[in-house]
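Two complexes are shown next, each including chain A; its partner changes from chain B in the first to chain C in the second.
For the complex of A and B:
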């Protein structure tokens, strides 16, 4: 081949491999972008007057006088709207039966949606469920509901060769000529004064319990559950992991038994996480009876097994990177090997071990599969410390799954789901950042 | 001063005591270190213990050859072939995404990027590895699936252009180069360019036709094997990149410099010398990446569609599938209450299959990596 074309091929290899790196970084950005931007909306959003009323009544938060004044202003702004509803109700009674039947169903839909938007309509009994006692607490959700009031979704099947197409039909058309017709433009123009959206930084999303299955409130039980599970897993795994690493790096003579141990460690690292979950169920709960059914303890034990290999490997690596001179100096001063390990080797290797511990902490916090059968429940209150021995807990990873797939109103609580994902991802990222910082400090120290 | 009175030479008794203490402390350390051995044994025993009753009751044939999966039916049916195929399909897709990308990225990291850029890319890999699987699953379900469902066709055709255009141009160039090798030197350049231009034109026409077909593909559901394959591929990337990069690095400076000294370009020394030398390590990397994809639960559970059916035709990535891990995760909730039933035991049978697959794949990668370390160690 000509030199020129050889060079071109060389360049194209460079191009392809750099493209792979770019693609990889890009996929990370694409992944994190929506998680960050939409997750932030769980904390920072335009809260409506309903949000403030809710906070006052449920959490006793906020200036009650100002909120009362706001409530009055809001009620005043809503008055014409409710007047139209009343007028149309009266009008409906006088219609001829055919038209009445036709409109009644649609009117009911409008009323239901208005209730969803603004809270209970005047003269209605107090609802049992919290979500029926308040209107939309977030302006973005209120806009979605407004859209559903203005337009009804219908499916167009006129073209048999294609799938049905969604068409938006203005509800106003159905009520043309009645007293309800002006309601729609009125609502559209005055919704702001009816709900008074204001930018709010809801940091208590992290520390509030959830109310009415995550329709309101925050994610404190999940955070606490994740904290307990991770803490328990670390408490169980660190001693075993570090001691095993000490044995492997300092005391083990090369032999069959030790290489068997190593094979076992890498096998353990390769076991799929869902198998850990089944094992935790079959062993910790059904055989050892650590707890009657799911519990934080059983979940922690399962997670500890999962992260054991990571900790062993990281700790062994850290122990091995301690310079030989340290050990030899200690031994030559007459220290027993054990003493050498405790007083010289471990302190010197501590930052490295810590790095491994922190990274596996992130892993334990984010794992879902092992805790499905051993620890996680979808709804629960924050546990006291001693209750972790025999009580299951909600946890961030499990509840992300649960809210995103099994919740009754998946679309309405997207912000909560994104908020949870953001919290979990931030937690893991911060842990990894800490590990990176520690590692950088070690390498600086090693260089002197 | 009391310490000075002590003998420098230890007394027999003290020495014995010390040796005894050393022996016991070493024994204790070994016992703790053996915890992982015990854990592996316990896992195998306890998964197998609950799996065997299923095989005793229903035998092997139904599970591995049947395609009807109705564990709660009356009578229940436990044909898991579709589930095995689903796992295989998803893993195949993940390999198709992760292996080319991962190996190219590993080459870039080990041989091409300058040191500083390499340091900047490392955290990207670490973060990709550290992100919880449920976050990937959530992304696949909430963001990627609707995108695929609404704009699936155009996405596919865009992807086809992005992947096949550069690759195809490269191949067209290489083919024209090789084909005109034996032509007389004075007409060779013209012939080469002519051939390359023709091939490129054919390629562009072909791609246009392909993208026209792809554009009309209607994705009926965004939660399907394609979605999961891409996400799993991204998840397997860090493993593949870091293990493959390690083994490329391990091939050593001498080989590279020897190859350069003989006049090879970087691409030539990579393909003719370095990759053959590091080949087994790259295979181990691929095995480890595959294991990550097979063993992953949350992404497939959330975004694969969970339909226990054999895709028609079998490589139809746009159909929903169901995998081993998702079946275990999804069905255990219901089977939990009926402890000891066939429904309960069949999940352990599936888990046993998973465990065996991961066990042997792990042994294989371990063996390959160790052999490579020995061989490259001997080379130096």
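For the complex of A and C:
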């Protein structure tokens, strides 16, 4: 009986742990699925003729003759549409005032939406903002705008016992009997020839700067900013962390002060990251005046503080696990303690130290809170290396949040946001992979 | 119990003395003690290790033989709460004196440990390690020194084609000879061996013992062993320690045939230990 219950207990424990792992992998899949599929849409999508015109005019990219030819074809396809607009404008003037007032508002909406879809309408002055100079560059966005042209959203409150209902009313009905009525079916049927969507692999999403706050272009400033911040944090945290770990594991006498130090380090690891951000602002910027305002340097220093405990802990464990025999051998050959640490202890502990570095690198790249106050801005250009000393930078984690919450047209640039998420995930993955390969190579070399 | 005086040790050692060579390095303990906290592991030992001889220290586990050995090159410095009493003299210098440079001391007194402990580096870098410490960056002569050291340790023929391989890929016996080569590469005068064959199989043990025989006459060798046959085979002189006290010290041949002390005889005949 005792044996049977023990076996049952063993088996249920195995079952629970297997289930936990299955559950975790499933949730990872659920999480990664949309990240990859929606993030991929930032790179691979059907680009319209507006996209190619934009690339030629803003980045001087593409075959100018072919794009000019395409522009002519597109303009020709759009001509009947613009004709209808002109005809209706004339018709509107002759209407009786009541009907004119009613339709003018609706007509304005249609014109605004058409401008969003196809770019400036004939006879309009060039707009100041880039987003007003071009139509939809992506076919998926163009389809959404088309829907908004064809149907107007209205709310039905007719039944007082129920909540208001959204109903889509064809705009065509409002313009029934006017010269504008045929515009809607015409647009629906001919939109493809007006925009010429074509599958495009926009890999330059990674290397382009963003234009007009992420309406166009890529995320290079964000990638570069993240890279600078992470690299800076590692450069600051690794030497300090490893030296602290060497002191703690090799030279510190066991005493109350040292155990207090250890407690402090553990506590530091548990401090919320937003507090680190505030500390960075108060200490590095307001007190030390590391830079006049936010800067990559201040952000890196703050991130370095954040990851310091992880690095110290990992390095200390790694140093402690180096066999005592190596140390004895080095000392018996006449190595001073410092030489022993540098030539034997550190090389032997390197794989373990790298593990801590890997973990903290991923963390530094992805942290948002510490850089809000110290380094991040929502729009910026790619920085030169020396500019990191006193310039703020956009960075992937912060801009993902910023695009989702503070951008004036969140819906229009969802693909950029997901592209950033995918890039950040891949970036961290890549960093980790590189570190794992390096670590494996070192351990293999040492094992012989 | 009568402490052996320097004079009678010399007298006892005389028959085994081959040649003293040019060098006059030797180690002498004068009422030397070592304490772990309150526990006295080595008690007032007075004992002279003559130059270019092999001296074995035997005794049951915990008798202080390793502690005594590790006091000679101050490896016991690492032990918290450890302190010494009396004097330990190497080449006329007080080993625990305030002016002694531990780095130089350890360069002149090499050590081989119980378990082979090569660094996780290449064979070449293992042997070159000590040399690089003392000579600075690699010199042309390094190659020669590594080869000579490996030759002297009887390992050259086995590893000459794979000097860049990791030392941990060698067998246990080869690793121990590598450690000996590593110690020899810094050109020490004294070689301390702390049960160097206890982790090895009989064949590898035999090779190490042959090696000790070859090194005899060039280096002052002090070997701690729990294996009495080994002491009898490799040493010129034997010291028997029991519970921190030096019980008997003399020429190996005489100790193993006609021990003067009852306890020595009891230990050697296996009545305790």
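A few remarks follow.
FYI, the second predicted complex is superposed on the first by the 408 of 448 C-alpha atoms of A that agree within 3 Å, B and C clash if a C-alpha of one lies under 4 Å from a C-alpha of the other, contacts with A are read in each partner's own complex, and residues count from 1 in each chain.
The rule is simple: a contact is a pair of C-beta atoms (placed from the backbone, for glycine too) under 8 Å apart; a residue touches a chain by one contact, two chains touch by 3 or more.
Keep in mind it's a predicted model, so treat the numbers as computed, not measured.
Using the contact criterion defined above for the overlaid structures, shared-chain residue A:344 touches chain C, although it does not reach chain B.
Residue contacts after overlaying the shared chain place A:359 against chain B, while chain C stays out of touching range. Contacts of A:323 after superposition: chain C is touched, whereas chain B is not reached. With both structures placed on the common chain, the touch criterion links A:445 to chain C but leaves chain B unconnected.
Judged by the number of chain A residues each one touches, B leads among chain B and chain C.
Within the superposed three-chain model, A:336 lies in touch with chain B and with chain C [touch as defined at top].
Taken together, the two structures place residues 336 of chain A in contact with chain B in one case and with chain C in the other. Across the interface of their complex, chain B is touched by residues 1, 5-10, 12-21, 23-25, 27-28, 31, 34-35, 163, 239-240, 243-244, 246-248, 251-252, 260-261, 263-279, 281-283, 286-287, 305, 308-309, 312, 336-338, 359, 362-363, 365-369, 372-373, 397-398, 400-401, 404-405, 414, 417, 421, 424-425, 428-429, 431-432, 436 of chain A.
Chain contact summary for the complex, chain C toward chain A: residues 73, 75, 78, 80, 103-107, 110-111, 113, 115, 117-121, 129-130, 133-134, 165-169, 179, 182-183, 186. For chain B in complex with chain A, the touching residues are 18, 21-22, 25-26, 29-30, 32-37, 39-40, 42-43, 46-47, 49-50, 100-102, 104-105, 107-109, 112-113, 121, 123-128, 130-139, 141-143, 166, 170, 173-174, 177, 181, 218, 234, 237, 241, 265-268, 270, 288, 291, 294-298, 301-302, 325, 328-329, 332-333, 336, 339, 347-348, 351, 354-355, 358-359, 361-363, 366. Against chain C, in their complex, chain A makes its touches with residues 253-254, 323, 325-326, 328-336, 339, 343-344, 347-348, 445-448.
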